[in-house]
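Here subunit A shows up in two complexes: once beside subunit B, once beside subunit C.
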Partner chain A sequence: MSIDARNHEDAETFDGTGDESGGEPGDDENRSPIQRWADDWIRNPEKAYAVMLVFLGGVLLTTSLFPLYWLFNVAMAPPGQTDIPLIPATIDLSAFVQVFQQVPFARFMFNSLFYAFTVTVFVLLVASLAGYAFGRLEFRGKTPLLFALLVLSFFPPATLFIPLFRAFNQQVPMLGLFTLPVEIYGTPGAVVAPLSAFTMPLAIFILTTFYGQIPDGLEEAARVEGTTRLGALFRVIMPLSAPGVATAGILTFITVYTEFFFSFLMTGNSAAEWAPVVDGVIAFQTQYTVRYDLQAAASLIAIIPVAILVVVAQDKIISGLTQGALKE
Partner chain B sequence: MARVKLTDVTKQYDDVTAVDEMNLDLKDGEFICLVGPSGCGKSTTLETVAGLTKPTSGTITIGDREVTNLPPKDRGIAMVFQNIALFPHMDVYDNISFGLRLRNFPQDEMDERVDEAARVVRLQGMLDRMPSEMSGGQRQRVAIARAIVRDPDVFLMDEPLANLDAKLRVNMRTELQRLHKQLDTTIIYVTHNQAEAMTMSDRIAVLNKGELQQIAPPLTCYNQPANRFVAGFIGSPSMNFVDATVGDGTLDADGYSVSFDTTAIDGVAEGDAVEFGIRPEDLYLADNSGEAEDPSRTFSVTTDVLEPMGDEIFVYLKPILDTTDDGGMTDFEERQGLLMSVDPATDIREEEDVEVALDRARIHLFDSDTGDAISHGVVADADIEAEAERDGAQAD
Partner chain C sequence: MSSGGDGILSRLATWTENLSEQAYAYLLLVPGFLVLLLFAFWPLASAIRMSFFADVITSASLGEFVGFQNYVRLLTNTNALAPAAFVDPSFETPILEQALFMTVLFAVLSVTGETLLGFLYAMLMKAEYKGRRLVRLLIILPWAIPIVIQGMIFFLLFRPGYGLLTEPLQQLGIFSSLPLNTTFDGFVIVTVADIWKTSAFMALLILAGLESVNQDLYEVADVMGASRWQRFRYITFPLVFPVLMVAMLFRTMGALRVYGIIESTTVGCSTVPSMTCLVTQMMFGSATQYGSAAAVSVLIAIVVGLFIMVYLGFIRRSNQSLGLA
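Let's look at the complex of A and B:
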């Protein structure tokens, strides 16, 4: 740039715009409130983070809790009303009682809880053994086996419905050799067996990680003290992996409790035929009428067991349980 | 209480032999230490006795039962681990009584035994604490109580003191010795700390690379090491090793030679390359050489570094070589230096020439190739000494 260029008319204009865009400190009064605000946030990013956090938290809470609130609103509305106000006109809890009077809703809930509980116990038991093997033993083919489990967990369960349905109805021989000795279709077994299989891989992965972290010394100490390997698993490794066991258990429980596809199709439609809780909610829908208020109330009631479980288990998920076990 | 016998025990991991044909025969009530550097197979040996690792071949007998294929719980053993391994989810009482509960002991007998064990390790009044609330030493005592409460035939201890601080370690060492006297149980103790091995054990088994080097009482290992490895491993600071050649009635090292009677020792002949070892306390300054059992003639060396320890001074000595070119060797051992310990009151400075003598009775000769000990102590060659005396008298 030559000296001439500096004295050119354009140079003046350039200086003027430079001043306005506010590179210099100390001329706050020249800038708009938004500019000052942005400047403040750039200098103190923690302020920005705090605002973002509140905003994000608010969005998450609204999106997750509003549907529940809406369900409550629907349950409050009188039967047949389709125009639901944002704030209920009256608080009338009779729908929550009617739910149990019109259909055996308690039995529907029991069915689902029974599935969830049975599958959870079975999965924790089997996945513990698998988790012990994968997490603590060295054997040939360990990685391929784990990989196979992973693949299994990606498999869409729906594709297995037809073959399982036929097998449970004794229509196809298992492995081409024998048909099932009894018809499983319509019994709890028809739900528990496939759902156990589908929830198993995740439980195995969680427990493998946790069991693998328990120091060898503790297991060896238990074995020297007089347990078998299995005894050490259940007396020492499992209690010390309580957070992992709780996590795997809760995930399994919730998955099965809220499962619809298999538990709906593998059982009858009435509560006595082991129909799940979703059937109980649908039961308020007849050929001619739909009781949306009762369905909403039923849905809210169905949430309660899971909500209680999560609250209770949160206490149980104590990390740092192994503190002091070993001198680091 | 029981005898423990290992016969040809070998443990192989893929291509590594962790324990190679180990033979050990422990007497009833004996306190034996397995020592060796890291990775020498001492822990693996202990694990095979415990049943936590199955040997590739060989047999293990405890008492008069062969236990090679029995699970740990049926072997009548108790073990104290290096990392203590208390069950963190149980209080002290539950930790100590864990083994008893598994064996369905009645409650009152269990209480009695736990109280007794807690008394022995001085843990009364702490039975309801959790391990996380205790100090390292207390935890270690709980681990020991857990081991003694079942009254096992054999105690296995895998570096139980390694994770404690120095002061606590010495305390626990004496406590363990007291315990051994009190219980009179066979103890197999693994450690890489030779001070622990020397002070506590009836016999030491020195291991290296999975092979048993020597099993003998501590002082025998110290005074009559079976080979160069044992000689170097036992004793702190380590024994000096010097490459030498056997001459005509002399042991010739770089810069000096020591006369000895070659005919009195089997297996050495003139011209043999040998390695001789001498402990730092068996080197003397010329003035003090009278303290040696059989002092050699003095020779000149240069002092290098001094390490005053308070109760003694370690002096690094460099032999004076004919040539000033040391071939680029900087390492003390490579230069065949000698470490000498002297009285702290000695007036000695770095980089000065001093006259030193060796105690012939304490020279160890090792075969240069195999490292096996040829002789512990050599005797003076009468002819040469007489000649030297005459020379000395003439010079005066």
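Let's look at the complex of A and C:
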């Protein structure tokens, strides 16, 4: 059998096209289906690989999506029911409507979307500049500065909370030099500024990695054609690193959108006071009762903007070095 | 109006054109590091300073300067008010109830699981077939779920009596009847919940790496008759390696600071005390211990730093053996 397989494999390499008529057809009838599959796959390894991928993919997707499916089930269960069945008894989507009736959920979502959008745009811009410097330029102190970025992520964010809270809410002077205006606390600024700082190290690292991989020749060609230094970053390096930029963008957006610790503590509790979307989900939890159905529905609704973003950004991720970018 | 703006912009452009490479690099770093200085480095320095002052349990303030006393008490397990042992030198406390070991074990297990799963997911997202866009979206979705909801899902799955998975796992003898209140079970639940969510993060980064691989290389490899394994070993892996390292680096740092998922699954810091659990409990608990909380943060940073050193050494060695650097 193994010698047989070898021969087939060699044949495969030589004629390239995996034609199915290679084996003797008369043989197949005497074998069990399993033997036939095995034979087919040995003759045609690409097919076996595809079947494996489909099987593995199916298993992975099922396990990874099960908790989400189950969340949907929870949303459809009647209020107060905690014994959630595997298959919902009735299709009842009223929870998805009630979410908006009981709290200003749209406003909660808007708040978090606003945070996420502002931080992402700002971080991508600023981290691109830094990523370009780290990835493509030589300068003294590069390694220590990169390491300093990393050190920031050594500490739990909670550590930074008390000094930041004092700076925003009690006007303790920052760096011992100046105080922040009283008005900032409770506004988006008090959330956007720290969250930009927390998400920036990862964005800088991702962009440094991607920008550093673009061949020098491409940038030089653009420079020869009269593009400015900054222009080269935004017109050549960034488009060529589209997968990296899109990934850094998605990760930053989602991190901020689902962030709770700072956006909760730096703002008020109501939607009008810029509370984040997670606050909106928790709103269905009072001291005595928890409306799991509404919480589940609310969290499924909250995922929608992220899903849209991912769909839109996908095209950016796919358009890597091979597609279009080189033509610019 | 617009011409004036253009004037300034073009003058700025000319100015940057004439800077040396070094000066230009520093100029590009200014905006980012200014933000970081104010909202990250400065609060960090304040927190480190805090760790050398005594706790004042009755109010949100600091006592007198005590040097390393907070650290000594944490490392010798003699802080009577600490919600859990950071580390117990006598080893009378079970391993999973010592914050240091529990967290390190969690980080190793979850990052290993996430990397393997993330790689598989990334391959699934990369392969070409009908419905790939949908599969990509579905794979990323768990990462988009707020930690509070993630916690709720796993709480409902494992809650005593009702939880869908409580009874089967109990009958198999794997879990106790109160999995959310048992240290080992809670540890497993938190680890699984973490892997479930953050594999998507890994997958996304690895996918970005895969997509950046120049497809021409594969065509060359095909012409040369490279096997699937050889293509992976000599093209895919070396080119994805830098991104993979960034992903693992940041995930390891994240896992060593685990906190949110422990609270949101209701497993709770008293059952599975992670290092960051100690920080938040000491900061926001009934007996505020700002000094000790800050000291725990610094100890966390040291542990994370040691892990990072191992990574960086590994990256350097691999770069040499892969012929990259």
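Heads up, the rule we're going with is that the second predicted complex is superposed on the first by the 250 of 328 C-alpha atoms of A that agree within 3 Å, B and C clash if a C-alpha of one lies under 4 Å from a C-alpha of the other, contacts with A are read in each partner's own complex, and residues count from 1 in each chain.
Just so it is clear, a contact is a pair of C-beta atoms (placed from the backbone, for glycine too) under 8 Å apart; a residue touches a chain by one contact, two chains touch by 3 or more.
Keep in mind that what you see is a predicted model, and the values were worked out from it rather than measured.
Asker: Give one of first, second, both or neither to describe whether A:V236 is in contact with subunit B, with subunit C, with both, or with none.
Answerer: First partner only, subunit B.
Asker: So, does A:V224 touch the first partner subunit B, the second partner subunit C, both, or neither?
Answerer: first
Asker: When the two structures are overlaid on chain A, which partner does A:L56 contact: first (subunit B), second (subunit C), both, or neither?
Answerer: It touches subunit C, and subunit B stays clear.
Asker: Go through the superposed model and pick first if A:P67 touches only subunit B, second if only subunit C, both, or neither.
Answerer: second
Asker: In the overlay, answer first, second, both or neither for which of subunit B and subunit C A:A48 touches.
Answerer: Neither partner.
Asker: Tell me which partner A:A106 touches in the superposition: subunit B (first), subunit C (second), both or neither.
Answerer: Once the two structures are laid over each other on A, A:A106 reaches no partner at all.
Asker: Can you tell me whether subunit B or subunit C touches more residues on subunit A?
Answerer: Touched residues of subunit A are more numerous for C.
Asker: Determine, under the contact definition given at the top, whether A:F205 touches first (subunit B), second (subunit C), both, or neither.
Answerer: It touches subunit C, and subunit B stays clear.
Asker: Residue overlap on subunit A between the subunit B contact set and the subunit C contact set?
Answerer: In subunit A, positions 228, 231, 321-322 sit in both the subunit B and subunit C interfaces.
Asker: Please name which positions on subunit C make contact with subunit A in the complex.
Answerer: Of all residues in subunit C, those touching subunit A are 13, 16-17, 21-22, 24-26, 28-29, 31-33, 35-44, 46-47, 50, 117, 120-121, 123-124, 127, 133, 135-149, 152-154, 156-157, 159, 162, 164, 196, 199-201, 204-205, 207-209, 211-216, 225, 228, 242-243, 246, 249-250, 253, 257, 259-260, 275-276, 279-280, 283, 290, 293-294, 297-298, 300-302, 304-305, 308.
Asker: Under the stated contact criterion, what part of subunit A meets subunit B in this complex?
Answerer: Residue positions touching the partner: 215, 217-218, 220-228, 231, 236, 239-240, 321-327.
Asker: Residue numbers of subunit A touching subunit C in their complex, please.
Answerer: Residues 13, 45, 49, 53, 56-57, 60-61, 64-65, 67-68, 70-71, 74, 82-84, 86, 126-127, 129-130, 132-133, 137-140, 142, 145, 148-164, 167, 174-175, 193-194, 196-198, 200-202, 204-206, 209-210, 213, 228-231, 241, 243-244, 246-247, 250-251, 254, 257-258, 260-261, 277-278, 281-282, 292, 295-296, 299, 302-303, 306-307, 310-311, 314, 317-318, 320-322.
Asker: Quick one: which bits of subunit B touch subunit A in the complex? Just the residue numbers, please.
Answerer: Per the touch definition, subunit B meets subunit A at residues 50-52, 71-73, 77-79, 81-89, 98-99, 102-103, 130-134, 136, 139, 146, 150, 156, 163.
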